[in-house]
Amino acid sequence: MSVRNNAYVPEMATIEKIERETNDVNTYTLTFKDKAKQKDYSFAGGQFNMLSIFGFGEAPISISSDPQDRNEIQHTVRKVGGVTEALFNLKEGEVLGMRGPYGRGWPLKEAKGKNILVVAGGIGLAPLRPVITQVIKNREEYDRFELLYGARTPGDMLFTDEFDHWQKVKNFRLLFSVDAVPKDQRWDHNVGVVTTLFDQMSSTPSRTIVMTCGPEIMMKFALKALLARGFNSSQIFLSLERRMECGLKKCGHCQIGEKYVCSDGPVFPWAEIKDIPEIVGWK
Amino acid sequence: MAEKKKLGIFKLTSCAGCQMRLLYYQHRELEALTAYDITYFKMGKRDNLENIKVDVALIEGCVTNSEQIDELKRIRENSTILATLGGCATRSSLWGLKNNKPEKEIEEKAYKDLSTIHSIKAIPVNDVVKVDYLLPGCPVGEDEMTEFLQSALVGRRPFIKPHSVCVECKMKGNLCILVAKKEPCMGPVTAAGCGALCPTNGRPCYNCRGPMIAANAPALAKEFKKNGLSDEEIYLKFTAFSGLSKVYEEVTDRA
Amino acid sequence: MPEKKINIEYIARVEGESTLDVHISKNEITDLKLKVWEPPRFFEGFLVGRKYDEISDMVMRICGICPVSHSTTAIRALENAMQITPSAQTKKLRRLLSYSQVMSSDILHIYMLAAPDFLGYESVLAMVPKHLDLVKKAIKMKMVANELTEIVGGRAANPVTPKINGFYQVPSKERLNSVKKHLEAMQQDTVDTLKVVASLPIPEFERKTEYVCIRNPEEYTINEGRLVSTEGLDILEEEYRNHIIENQISYSNAKQCRIKGRGDFMVGALARVNNNYDLLSDKAKEAAEENHLKFPVYNPFANTAAQALEVIHLTTRCTEIIDEIDPKPEDTTVNVKAGEGHALTEAPRGLLYHGYKLNEKGIVEKAEITTPTTHNVLSMEQDLYKMIPEIMDLPEGKLALQCEELIRAYDPCFSCSVHTIKANVKKD
Amino acid sequence: MPKIMDEKELQSLLGLLIKEYRFIGPVRKDLETGFGEIKSLKELVKDYTNTIEPPKYLFLTPQETLFSYEMKKEEITITKTEEQGHAALGDRPSLWSEGIAVEPLQGKAIQQVIFGVRPCDVHGIRMMDKVFKEDFDDTYYQSKRNKTIIFSVTCTSVSDYCFCQSWGTGPSLKDGFDLLLTDLGDRYLIETGSKEGNEIIGKMRLRDATPMELKQKAAVIKATEAKFTRKLNIKDIQQIMISQPEHPTWKDKADRCLSCGNCTSVCPTCYCFDVQEKGDYNPSNMERYRLWDSCQLLEYSQVALGGNFRRERISRLKQFMMHKLSFSYPQYGDFHCVGCGRCIKWCPTSIDLTEVAKDLRGE
């Protein structure tokens, strides 16, 4: 049995670049050591890789770069556990393990010709960045685009240096909110949880695909607000977080109801999961 | 070769069995002890450096006098990673039996002149200072000690099993003596890591490793009762090695 | 004459925590105190109210180095209290268990705690670069002894199989045979160990104290026997309390013991060999003679040689016992009865006493434990009183070191000695 | 064509298998019967209804290395990926490897035989095969599975816990075996279900079973079927199990649940595992391994920063029962329950999923 055919064994990848996003979030630009592998690798926005920090372990991390860019893969990572802590100790040029991509991504095809509403909280913007990049690159394929993005504080917002660029895109509307503003930080936007932005949003249920990712509690409230505004269960897509050990539908940890988050998700249309007993309470 | 990490091994109130596990009962002790630069280990060496910064501090034993509180705080300040070594440090273990009755009552029984006695309740280490990792066991399990020492070398978080002894017992393919023989096995509420040692050796688990986090003590107590144990016997089972742990308090609380 | 003060803040490489304070003024010892400040743990207090079948598991936790001794002694005392006579197989397995622990503890003390003293190192780890082979040999021997404990007891540290009237599970002949091979393979190492120990320079010092241990005319014993001494003591184990008395002392958490009407005494390997030399195997005697060792010896520093000698004997003896048995499961039912029972065994560090009083439900009403180090503390102090004047001219540091080495030669276990703090303490 | 063999022929067949293969079969474990490696026919237990543990441990070993690697500066080399089994608790010295010890199967030629697998467990293996084949081959599972001959035995006895009849996963078996033995009283009917099975039986000169003897087999099965006391009504079970998450029976069972994980450990179709990293005192040598996990354990659904999707005991209990009797069906086309009754039998507080199903149905 060669290593190649063993789905549990990661490929070696080099850290090309590390960019600091916030206090506890970095973006890592990776390339496979095996150039052929790099060439063959393709993914959809919303999918994730299993990253191995050798000596420490493996964790599922969503991909935050442009799916059309075949030269590199980016992961925007928050330092939250043993593996991500170890990743933060690595330097440019060092090696980690990567296997993937896994799971179902955002419904960019379904969204063609329609409006897109993105509701993101905190690190939840990372898996949605490929959506934004794709919409910008293929602007004519989609109609209105609106982003509601909330974070704990202004300092916790991701990709702020790209906001200017995004603002300028035609038919793009960005709404920002933070839970709190520390004294030393400047903030010109909304204060409050991300759902408070719903009153300012222009998106309507008509011909709109909603994509949301963030803390589960945020998604719950967003969902309630959206349903109350008449959005239906097949136009809302959520990206769920669950514990994963394999990404391959084997270890069992990520199951909710009959779904494996690693393979059937992480992106689900609400219609698909709303009747799962563990999720029913969200409504 | 990078400089070795500094390791300090400190003793509070205990039987020294866990230190002995390092020095004596271990299968790979030479590797373990030479992987670190051991700066403090009174039972193992003469030259011990007080109050120096260490990368890793292992604390054996629990606090039973006020001087130990100060000592422990000093150690915490001087160490990057601090872990308990064994049951006493983790949850005061057997010495917790002293907490069973009002403090004064016990002390008056022991000493006529209380002015020279500094003994206080048996307090586990994590009630005094922040503990990074808890290594349970009486003595500390060799597997988890090894896992800890190896992971601390690189800064990995050790994998300390939080679940019940039953999981390991089943992994070994043992017959469940609680079910098959109605023996009062504490396995279902006891933290794993021993490899289900007692059931493997034909006897019910007696909880020397203390409670597992999600233990359902009342349910097991009820089962014991069904199997013919008296309330008193059940009380003894749940108090022996757990230092009157909160996890068991629904069973052990007699107030 | 200058004033000297020896303060050994803690005695390293012994089990437990202790301090030695000696004050010398005008060549006279004005103050000498061996303070055991290992915190009290109230064992005898909290054993009261516990059930008979928990006691062995609990008392094992008195000492991390000789759990087998505490377990066996408690079990035997409780059997005596309930008038239970265990089977011949149980007795043999208990011997294996006890012997294995004495062997590994002796080896530990010889190589890891005492040898650094005689070779001039601060610890066994410091010995690794220059004496790796020796250290490895020691570890190997200790592993074999631990393996035997583990096979019979289920775990080397705090064994789990011993119970009142037998064992929860007996080891298979197959596993015993596997360790037997290792025991046979280490026999030469045990002989070499004595050679190394006998060649080490030990301080010339003698004090003719009374050496006390148990004796069984059939076998160099660790478990079960009469209490004897080099001064003619010869009593049954249940008579122990009539002859050995304990005093609480103000400056230490450990008690001190003396023989009624006489005085201090020493227990441990040296006491065992001094009293039972005739019962040692031919191989051990041969090795003793080869190394010009003649017993009785009255130099406490020779305790280490006595340990090495008994390891030779016990290694052979264990292989013999393994040949004698083919363990089968037995009925180990206990009929609970009220009663009082006492037992004496030889822990690695010497004489260990347990006594219990049970009510009709098998609940402990009274518990008494006297540990080897408690037996020895007074003798240590007496040795120091005699030795210090003999070496008074040494510089303070060296003087202190030799005092420390003397204490260490006893292979003391200060955590052991403290659990026995009694309920009623009299302060001076 | 089913063949007939007498006791002597069976003994010689088993003797041959013991000689030529690693032979796993039912052995005495204290009061009960469990699987163990058999070196002599004497060790084989005949009068058992089912084993303590399901045979899954032979393929999904309680703990096994996924791969080892060496870290040298920027270079990381995967040094070992060979699928292998380990003793239950890792690479402990001999003293620890009592209990289930799973030795690596080396080379292609070496195979193992599991004898005495009950029909329910054969179905369990069939379901596990699907899980570990779906989308890609789990090489660790498959390599051991592919080298194994399943020698099943038709049930003639039934325990209080058995309810395979309700699923149709027992007491008899139609496929999924290499060899199947049925005790006809004074002789045995032996059937083959694979090329490997055929090859083994082909070596023996056995006569074909007569139509009468085939009828006898049917009678044996019928007699066994009449012995079942426990039943699970599987009609609409997929919907019924999830229909009332707030039904009081859940709380009642959760109050009794010890979260000990025994149910999932003894379940022949539970496959969850955890993946961990293991080091060495030489920190450049590392290993990634997996070990059994259970949805009943608190840490199972824990994510970074202490988040836990199943913090409540009741939610974990629901996950187990709902997965077995509902979710697994849309996932794999099988209900991951074969009616072996082990989860009921070995639950220290006798929590019974057939009882929960009844309660939810309102019976």
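For clarity, chains are labelled A, B, C and D in written order, and residue numbers in each chain start from 1.
Definition applied: a contact is a pair of C-beta atoms (placed from the backbone, for glycine too) under 8 Å apart; a residue touches a chain by one contact, two chains touch by 3 or more.
Here the structure is a predicted model, which means the values were calculated and not measured.
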{"item": "Geometric centre: closest chain by C-alpha means", "value": "B"}
{"item": "From chain A, the most remote chain by mean C-alpha position", "value": "C"}
{"item": "Chain pair, A-D or A-B, that carries the greater number of C-beta contacts", "value": "A-D"}
{"item": "Euclidean distance of C-alpha centroids - chain A vs chain B, Å", "value": "42"}
{"item": "Computed distance of Cα centres, chain D from chain B, in Å", "value": "35"}
{"item": "Mean-CA-position distance for chain D and chain C (Å)", "value": "50"}
{"item": "In chain D, residues with contacts to at least two other chains", "value": "276-277, 279, 283"}
{"item": "Sites on chain A at which at least two other chains make contact", "value": "55-57"}
{"item": "Complex interface listing, chain D residues touching chain A", "value": "66-67, 69, 71, 74-76, 78, 81-83, 131-132, 134-136, 138-140, 143, 242, 245, 271-277, 279, 283, 286, 288, 290, 293, 295, 300-305, 307, 309-310, 315, 318-319, 322-323, 326-331"}
{"item": "Partner chain B, residues of chain C touching it in the complex", "value": "10, 12-17, 38-42, 45-46, 50-51, 54, 57-58, 61-65, 67, 104, 108, 112, 116, 122-126, 128, 135-136, 139, 142-143, 146, 154-158, 160-161, 163, 168-169, 415, 421-427"}
{"item": "Chain B contact footprint on chain D (complex, rising order)", "value": "29-32, 34-36, 52-53, 57, 62-63, 88-90, 92-93, 96, 98-100, 255-262, 265-266, 276-281, 283, 291-292, 294, 297-299, 313, 345-349"}
{"item": "In the complex with chain A, residue positions of chain B that touch it", "value": "154-157"}
{"item": "Chain A to chain B touching residues, read off their complex", "value": "55-57, 82, 86, 89"}
